[in-house]
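Got some structures for you, see below.
There are two complexes below, and they share chain A, which is joined by chain B in the first and by chain C in the second.
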Partner chain A sequence: MSLLAFARGPALQIALAVFAAGVAWRLLALLLLPWARDRSVARATAPPALVGAVKGFVRHLWPPKPLVRSALVVTLNGYVFHLGLAIVVFGLAQHIAFVRGLVGIQWPNLPSEVVSAVAVVTLASLMVAVVRRLTSPVLRLISTFNDYFSWLVTMLPVVTGLLAVSHLWARYETLLAMHILSVALLLIWFPFGKLMHAFLVFLTRSETGIFYNRRGAQI
Partner chain B sequence: MTGSVDVSAATRTFLAQTEEHLVSYLEACVHCGLCADACHFHEASGDPRHTPAYKLFPIAKAYRRQRFPLAWLGLAPRITERDLTEWEELLFDTCTLCGRCTTVCPMAIDIASIVGAARQAFVAAGLGPADLLAAADSSRDHGSPLGLTAQKLRERIEWLQDEHQVPIALDRDKAEVLLTVSSIETMKYPDSVVAMAKVLNHAGVDWTLSTKGYEATNFGYLSGKGEIARLMVERIVDAAQSVGARTVVIPECGHAFGALRWAGANLLGRPLPFAVLHISEYLALLKREGKLKLEPLPDSITYHDPCQIARRGGATEAARDVLQDFAEDFREMSPAGNLNWCCGGGGVQAIARAAELRHKVFKIKIDQVERTGARTMVSSCSNCRLTMDESKAHWKWDGTLASLVEIVAEHLVDQKPGTGRGAVQQP
Partner chain C sequence: MGERETIGELLLARGISRRALLKYATYLASTMALPPMASSVMAEALAKARRQSVIWLSLQECTGCTESLTRSFSPTIEDMIFNLISLDYHETLQAVSGAAAEQARLAAMHDNKGKYVVVVDGSVSTRDGGVYAASAGKTNLQMLQETAQDALALICVGTCAAFGGVPHARPNPTGAVPVSDVIGGKPLINISGCPPIAEAMAGTIAYLITFNRLPDLDHLNRPKAYFGDSIHDRCYRRPFYDKGLFAKSFDDEGARKGWCLFELGCKGPVTHNACATLKWNGGVSFPIESGHGCLGCSEPNFWDQGGFYRPLSATTANPAAVIGGAAAAGVAVGVTSALLARRRKQQAAQQAAKEPQA
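Entry: the complex of A and B
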């Protein structure tokens, strides 16, 4: 079996299985914990819980005004690489073809030049993130293996993908195999590290939204 | 410390509280570090260890070791005595549970909730600042953290009545409103108690203090001693029920408000049999009902939002409602309201060893006030006031500090007492 066949076949299948089972396991382990029951009387003006949850989610999309100045670069950079990753993952014709093969749905693609340009910007943004992590005294103190490894497995598919589409450095088949293997690594790591925040953000923002809105405070 | 720190008790106590939302918060942190710039302790000291996310490390570690879905692999490091002793200072001295870090967190993690739970674990391990824990024990044994026993309260009220010629209702058989006091103001700012009495008398409220339950502060809650926290709530419930009060008014103390209004029913395990209002909310209500007749206040003032009343209490507008059309030269600080900088004292004002750090924090406040140009900073929390008074003396700052209820009481227009009864629905 060639490296590419292995990457496309068993490697990706195993990775997808680990990803799905792992995410389900982590979420279940969390959701099956006891839920705190708040016996305090909500403020008379408090919105229903669902409204509080949505408000909490929306409110934390952007830092509050007095804190924008210190948080601006990090927040903007966060948006750049999150949106960049989304555009690259869902915009490239080859990715859409892969999803179609997997689950049978498809959507229009973006021109490959556009996707490549976005990937370069995303990569630059990821570099900014890691440089900041390595240089800021606060971030150096609070960063762990999880932070650096999660960064690495996010960055590798972008780099290998760019190399593959530009046919640089090695044979296309080899580069494509490397790209797919790096995605497999990302999928396998996803449930066990901080990439889980992609799911947890819906829980935490909603719960904080409900918590503060029932008190009559919107933060 | 070595040998006396019970690591397993800490772990057990924390894990007993691993409810879904706390664990979601622990697992969701992406270590972005934005919370550092929101925290007044980090802002004042520049010490990366004061980053709010960092304060959660030992707790996250304890959780990962024991309960994380991959714990069986045994890869997570074990929590050590050293972790606990190192973090004791971070969790107690450098967090006022003010919640400002939550406002900037992209994951909206409520760090204050976890710090509150973590303190219980630390106390179970035999850690925690001795003076804070002593304040909790004194509340249990003497009724108040500063030794204000029922007998001392009686004597003090008698003295204040004579001194100020203001009737202060104590131990009436029946009343619609139970007023509580914080021992900080009873011992250090007794004028505040007189001011509350003046306002309630002026508005014709049917009220009383009770020696059965008078202490509004809850150091059991602040120090992580759950049993004492519940006991303090039970005393107020007993007092309210014995006089038939359907409304309990909390004095100018932010943490006392949070401990009863938002945590009281949870500590008790059942809903509270009365509405709980902070005095600023009650003043706003009396004003809305036309029961407060006030002379205008011409001085330039600004208002410091106590964290537990505004950001975490939801009563941000109450003080402003009181000040509107009354304070003629009211100037907002920037930032104010829900994003206000904390005073730096909070419930941990009692920790003497952290005084230096609190003084540094007060610099932020001095700067805020001076930018408004106001002469006087008014607040509605005696904890904030004590913290700020001490730091004001330390820096020899010439600004003036004042209390909301006191300035209201000083500007009451004489009128025939109203006829309102005073009990209200929970707002």
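Entry: the complex of A and C
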């Protein structure tokens, strides 16, 4: 079996299975936990829980005023690589063909040159993120293997994808196999590492919003 | 080579001028990307060389490779190929049959011991001693091993001989293998394709006769001159790939405008052959130009790559059941984990209620 055949077949199948099982486990194990009842008395002006959740999520999309200056670069950089990743993942025709093969749905693709340009910007942004993590004493102190490995498995598909699309360095079949294998690695790591924030961010920020809005605290 | 007339003498006797040979040599040299001077060197060498003795073995095959070579378009590549060689044995083309045919093979082997080239099309059946393909009372495997023993080199024509091809496809009931799996220690050239391109065959033989050595080969023993580039790299539809313009079905607007066929399963990006440059039927067209994606027929295991119409970026597995099963298992583990946590909390509360308050 060639490397590409392995990547397109067993590797992707195992990775997708681990991803599905892991995400289902993490979400249900969390959502079905016995929740502690909030015994505080809600403020008279406190919005309903759903409104508080939405407000909490929206509020966290941008740093509060006193922190804007110090957090501006990191916030903007975060947006750049998150939006970049979304454009690359959902905009490239080859990726849409992958999704279509999996679940049968498709949508119009972006021009490949646009996606490639976005991928380069995304890669640069990911580099900025890791350099900042390595150079900031505080961030470095609180960073663990989980942070660095999550960054690595996010960065690898971008690099290998760019190489495959550009036909650089090796034969296309090798580059495509490496790209697919790097995606398989990401899918396997996803539920167990910090990449799970793609699902959990909605829960954590909403829960924080409900908690503080009930108490009338401004966040 | 036997003591037979030179190629130049033979061509002259058949009314083919030196100029025609020079044009042909120039054409072949250009297909192999040889330097300009190589064409005259090739023409001189071919004219002086004696015709190469060739024993052609047809094993598990469909005769498509022979059909491709003998019915290729004008200017008669097939004539030129057969002028370059002395085809001493070919089951499909030879006039004789039975014991006389076998005698011709044995005589050619004896007369040209260590100097003849064995051309093979078709894969080799190995299961149950190779009984699924036999002729003249011998299995293909026995005949190949016997014939290859004193050969100068082997040329595997077509994907079946080179990589096993269609007989090798799952479930491979005859235990079909490529020639390279059963013959070792001999120079071996693979000219893959289903069928292979006639010019690749002619160019390789001409190179062998001219330079008396093998051409540069890739990691799959294919001449780099013909298999060095991917179909995709030389495809006239490549600009559409680069722009992200893809046909979504065989009759949509994109297909009519000649956009890239990647999403319709084209294997051009992972297929190495000269179809996009030399083309077929005398340079008229090739599959992608006719509106169909490349099947990847010159690559190993091309029949078992998950389907001709599945895009390269899609998984070859059918993972719905596996993913569904895995998700169900994840749900079960997650629910169990949460229920256990609830039970622990309940037990802790009961325990706290039993203990007297301090």
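Assorted remarks:
We take it that the second predicted complex is superposed on the first by the 219 of 219 C-alpha atoms of A that agree within 3 Å, B and C clash if a C-alpha of one lies under 4 Å from a C-alpha of the other, contacts with A are read in each partner's own complex, and residues count from 1 in each chain.
Rule of thumb we're sticking to: contacts are C-beta pairs under 8 Å (C-beta built on N, C-alpha and C of every residue); 3 or more make two chains touch, one makes a residue touch a chain.
Keep in mind that this is a model prediction, so the values were computed, not measured.
Partners chain B and chain C fit side by side in the overlay (superposition on chain A). In the superposed pair of complexes, A:S143 makes contact with chain B only, with no contact to chain C.
Contacts of A:H60 after superposition: chain B is touched, whereas chain C is not reached. Shared-chain residue A:A20: touches chain C; no touch with chain B. In the superposition on chain A, contact is made by A:L200 with chain B only, not with chain C. In the superposed model, A:P48 lies in contact with neither chain B nor chain C. In the superposition on chain A, contact is made by A:P34 with both chain B and chain C. Rounded in steps of 10, the angle chain B-chain A-chain C defined by Cα centres in the superposition reads 170°. After the two structures are overlaid on chain A, the closest C-alpha atoms of chain B and chain C sit 7 Å apart. Shared interface residues of chain A, touching chain B in one complex and chain C in the other, are 25-26, 29-31, 33-34. Interface of chain B with chain A (complex): residues 18-25, 27-34, 36-38, 42, 48-49, 51, 53-54, 57, 69-70, 99, 102-110, 113, 261-266, 268-272, 275, 310-316, 334-335, 338-339, 425-427. Chain C makes touch with chain A in their complex at residues 230, 232-233, 241-244, 246, 248, 262-263, 269-270, 300-301, 304-306, 310-317, 319, 322-331, 333-335, 337-339, 341-342, 345. Interface residues of chain A, counted against chain B in their complex, comprise 25-26, 29-31, 33-41, 43-45, 56-57, 59-60, 63-67, 70-71, 74-75, 78, 136-144, 147, 192, 194, 196-197, 200-201, 203-205, 207-209, 211-212, 215-219. Put simply, chain A touches chain C in their complex at residues 2, 4-5, 8-10, 12-13, 16-18, 20-34, 92-95, 97-98, 100-102, 106, 109-115, 167, 171-173, 176, 180.
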